[in-house]
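The structures considered in this document are given below.
One chain, chain A, appears in both complexes that follow, with chain B as partner in the first and chain C in the second.
Here is the complex of A and B:
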C-alpha cells in the first residue's frame, strides 16, 4: 500500500456510503445472520418509513429509515444478513465496510435465540471491529416455545456488551433495545467487549505488528482487528482501505455532521 | 482414521462429526465461518436430484454446499 493515513489526512467519511448524516444525530447499523429478524426490528423501530435502494456500486439491497427517541434523531441502516464479515462475498463486504469505515454510533447485532451458537460468530466478529455494540437476542418467543432459555444478563457479562432479549414481531423488548442503543450511541455507556484471544504464536505476531499498524492507520480502524486481517492475508480489505483513503482525499464535502479528525493522525 | 470420509459422501439423513477442513484460503475461511470447525455435528438434509448442491444442517441453520466444497470437509460418521 503506497498510501498512508498521514499522507492523505483522513480516512473516510460517512457520505461515501450515502449515509447522509445531516438531519440525524446518530447512525445505527443493524447486522445479523440471515433470517434473524433484522428487517422486522428495522420496520418496528422506523415504522416502515424506510428508504430502499442499492449500496453504492453494489447490487446489494439496502434500507435505511429514521426514528426519534428522547428528541434525538436516529438513522437506522439495515445491513445484509451474513454469517461472517470475513469471507469476502459482496454482502459481507458491504456489512464489513459499513461498520469499519462509516463507523456507526452503535451497531445492533440481531441474533436468533434458537441457535445462538451459530449466531455468536458474527457477534464476535463485529465486536472485534467496534466496541459500540448492542446485542439483540431476537425470536425469544420461538426459543421459549422450544424450551430454550437465554440468560441475557449472563450473556452481557460474558460478552462485555449490552444484551436484550426481543420478540420483534410482537414488539417485546424493543423499548429496552431503543434505550440501550441510545446509551451506547450517546456514549453514556461504553461497552468493553471481551477480546477474542488467539494461540500463543498468533498473539506474538499480533504484538509485533500491531504497533506498526497503529502508526500507519491511527485509531480510526481498530488496530488489533486490522493486524489480524493483515496476518490473514486479506488483500480485499487492503484494497478497500486504499479506496477509502483515495476517496477521502477527493470526495466532495457533503454538508452535515462530520467526524472530528483533529486529534487523529 | 479409517472411518474418515468427506462430507459430500454422506447419504440423506446421516450425521457426521467434522474432523478437519482441508480447503485453503477463502473457501477454508467460509467453511469455518459456517461453523464447520472440528467436533461440529453435521446432518445431511437433502441432496438435490443431480446431487449438487447438498443441503446440510450446520449448527441449527440449513446451508447448501456445492459438492466440490463439501468434499473439502473430512468427517467421521456418527452414531
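Here is the complex of A and C:
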C-alpha cells in the first residue's frame, strides 16, 4: 500500500528520467551555469551520437549522447543550465532531481573560468547531493586572454573533487576530463567533497537532526543534504523525495542493470 | 512493505529550528556564497582587467538607452545591405544557368517526342518552380545566414534582448519574449518551442501568439528578393541597394512594433496579468569561429531551408501547372480561384494571384513567391524568364504591380497566418486548438486591416 510506483503516477527511479541503462556502462550527468560552454563540452564528447527530446512531464529540453572510452560505453545527459539548485523553477528541479534520484555514476559540473566565483555556487550545491563530481573549469582560453589564472590543483584540493581545466572549443583538456570521469564512475577514485560550513546556529541544528535522518533514510540520499532541506522546509522537494524512497522499494528496475542501493552513494 | 515517510523528520526539524526556521534559508544561501567567494579568492588571480573593461565599454554603448537602438538599426541595416547588394549578381547568374538548362530539357523532351502535358508538368511546372526557388532564394540565404550566425556567435543577440526587455515589460509581457522573438527571426516554429523558457503560462501564451510577427528564414529571402527585384531599376542603380536595405530594416522594425502592440493588447484583454521579472546574463563577447560559422550556417540553415523549399515547391509547382492548364469553360482553374479572391485582395492592395499564393503557401512560407511567379507565368504568354529584370517586367508591366502592391505584399507576408509547421508546433505546445486558431487569426486580422489601411490611404491621397 502507500505511494507506489503506479499509484503516484510518478516514476522516481532512473526510468523516470528515461535514463535507460540497458546498453551503456555508466551514466554521466552534465551540469553547469548557462553560457559556460556546457553544450560545447557535450558536443565535443558525444559528437553526432546524440539525440534530443523533452524531460518526461516537463517542457524542458533535454539532450543525451554516448561516447566510448576504453571499451566502456558512457551515456552523457545534458542537464538544463542553471545558476543554483535551490529554487523550484522547472529547470532547477529537473537538474536537482536527476542528480539526486537518477544517481548518475558521475556528474560533470562545467564552470566558466572567467567568472569562477558565481559558478562555484552551483558546484558546491551539486557536491552536497553527490560526491561523484568532476569539476571542469571551461573557457580557460578566454580566461587566459583576459589574464585570469585559475589554479586547478588548488581548486581540486579545496573542493575535494577532481578538477580539470578545459577549452572545449579547441578540445583542450577534454581527454583528461574523460579520464577523470572514468576514474570517478568506475570508483577507482572516490572524491570526498569538503562540506560547506554554515553559521553556528545552522551547524548545531544539523548536528542534532542528521543522526536521526541517517537512521530513517539510510544512505540512499546524502543525509547532510536532506537534513538541510528538512531544516529549510522545502516541502515540494521533500514530497518528491518521499515518492522516490517508496518508488525505489516497489518499482522493479526495468532496464537491465540493477542499482545496488545498499552500497550507498 | 512499509511506506517511508519524512513527516516525523520534518516535524522534528521544525522543532529544532524553532524560531530560526526563517533564518535558515538565508544561512544556507550565505554559507554557499561565502564558501564560493573564499575558494575563488584563493584559486583565481588576475594580472589585468583591461579586456573586461573593454567588454564593459562596448556594452555601455550598445546597450545604452541613447545609442542602443541606433546601433541595433545600423547593424541590421549593414547585414541587409550586404545581403541585398551581394545577392543580385549570383541570382542573375543562377537564373541564366538554370533557364538555359530548362531550354535544353525542352529540346530533350521534343527529341524524345514526349506528350505535351508531360513536358508541361515536369519542365514548366516542377523544374521551373525549382529553378525559381534556387535562383531567387539561394544567394540571399547563403549571404544572410552566415552573417546572422556571426552576430549570434559574437554575443550580440543577448544585447538585443536586453535593449528590448524594457519594452516587453511595458507591454505587460515577459522580458524573455525578446529572446523568443529573436529566435523567431530564425524560424517561428523554433521560436515557439523557445517560449518554454517563459515560466508563466500567461506570458508564454502572449509570446506564442505574437511570435509570427517577425520574419523567419522562409520569409526573409522572400522579402529581400521582392525588395531587390522591385526596387532595383526603379531608382538609379547606386541608390537601389540603399533604399532596399532601408525597406527591409524598416519592415523588421515594423514587425517588432506590431509584436509589442499586440502583446500589450493581449495583456490588457484576454491575457491580463502582471509581468514577472527575470535575470538576463550578458555573456562576454567571444571571437566567432569563422570556419564553424560558415559550415554551420550553410549546412544547418541554408541547405535545410532550401531543401525544405525544394521538397515542397516541386509538387506545388506541378500542382500549379495543372491548375493553370485545367480549364473550366474558357478560364483555367487557377484564374477562376484567383478571380474569386480578387475583390478582397484588391481592397488590400494585392491581387487575386498574390492572395492565392499566400494560401497555397501554407505548408511553407518559402514557396509563396515561387508559387506567385509560377501562376503568373503559367497564365501569361511568357514562357521563359532569363533574368531578374525579366521578372520585374513580368510583375510591373504584365501584372500592373506598383510600389504599393509590393509594399502590401511585404506587409501581408509579415502579418498573416503562420506556416503549417508553426501551427502544428503551437498545437503541440499548447494542446488547445482554440489557441492555435487564435494564433492564426490574430496575425491574419492584423495583416488584412493594415493592408487595407495602407492601400486606401495611399489611394485616397493619390500617391499611386
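The criterion applied here is as follows: the second predicted complex is superposed on the first by the 239 of 265 C-alpha atoms of A that agree within 3 Å, B and C clash if a C-alpha of one lies under 4 Å from a C-alpha of the other, contacts with A are read in each partner's own complex, and residues count from 1 in each chain.
The definition used in the following text is that a contact is a pair of C-beta atoms (placed from the backbone, for glycine too) under 8 Å apart; a residue touches a chain by one contact, two chains touch by 3 or more.
Everything quoted here is computed from the prediction, not taken from an experiment.
Which of chain B and chain C touches more residues of chain A: that partner is C. With both structures placed on the common chain, the touch criterion links A:124 to chain C but leaves chain B unconnected.
In the superposed pair of complexes, A:114 makes contact with chain B and with chain C alike. In the superposition on chain A, A:209 makes contact with chain C only, while chain B stays out of contact range. By the document's definition of touching, both partners, chain B and chain C, reach A:86.
In the superposition on chain A, chain A positions 83, 86, 114, 117-118, 121, 232 are in contact with chain B in one complex as well as with chain C in the other.
Listed in rising order, the residues of chain A touching chain C in the complex are 1-3, 34-35, 59-61, 83, 86, 89-90, 114, 116-118, 120-121, 124-125, 142, 145-152, 154-155, 158-159, 169, 196-199, 201-202, 205, 208-209, 212-213, 216-217, 227-228, 230-233, 235, 238, 241-242, 245-246, 249-250.
Interface residues of chain B facing chain A in the complex, by the touch rule stated above, are 26, 29-30, 33-35, 58-61. By the touch rule above, chain A contacts chain B in their complex via residues 33, 83-84, 86-88, 112, 114-115, 117-118, 121, 232. Those residues of chain C that touch chain A in the shared complex are 1, 3-6, 8-10, 12-14, 16-17, 20-21, 23-25, 27-33, 35-37, 39-52, 193, 196, 199, 279, 281, 283-284, 286, 289, 429.
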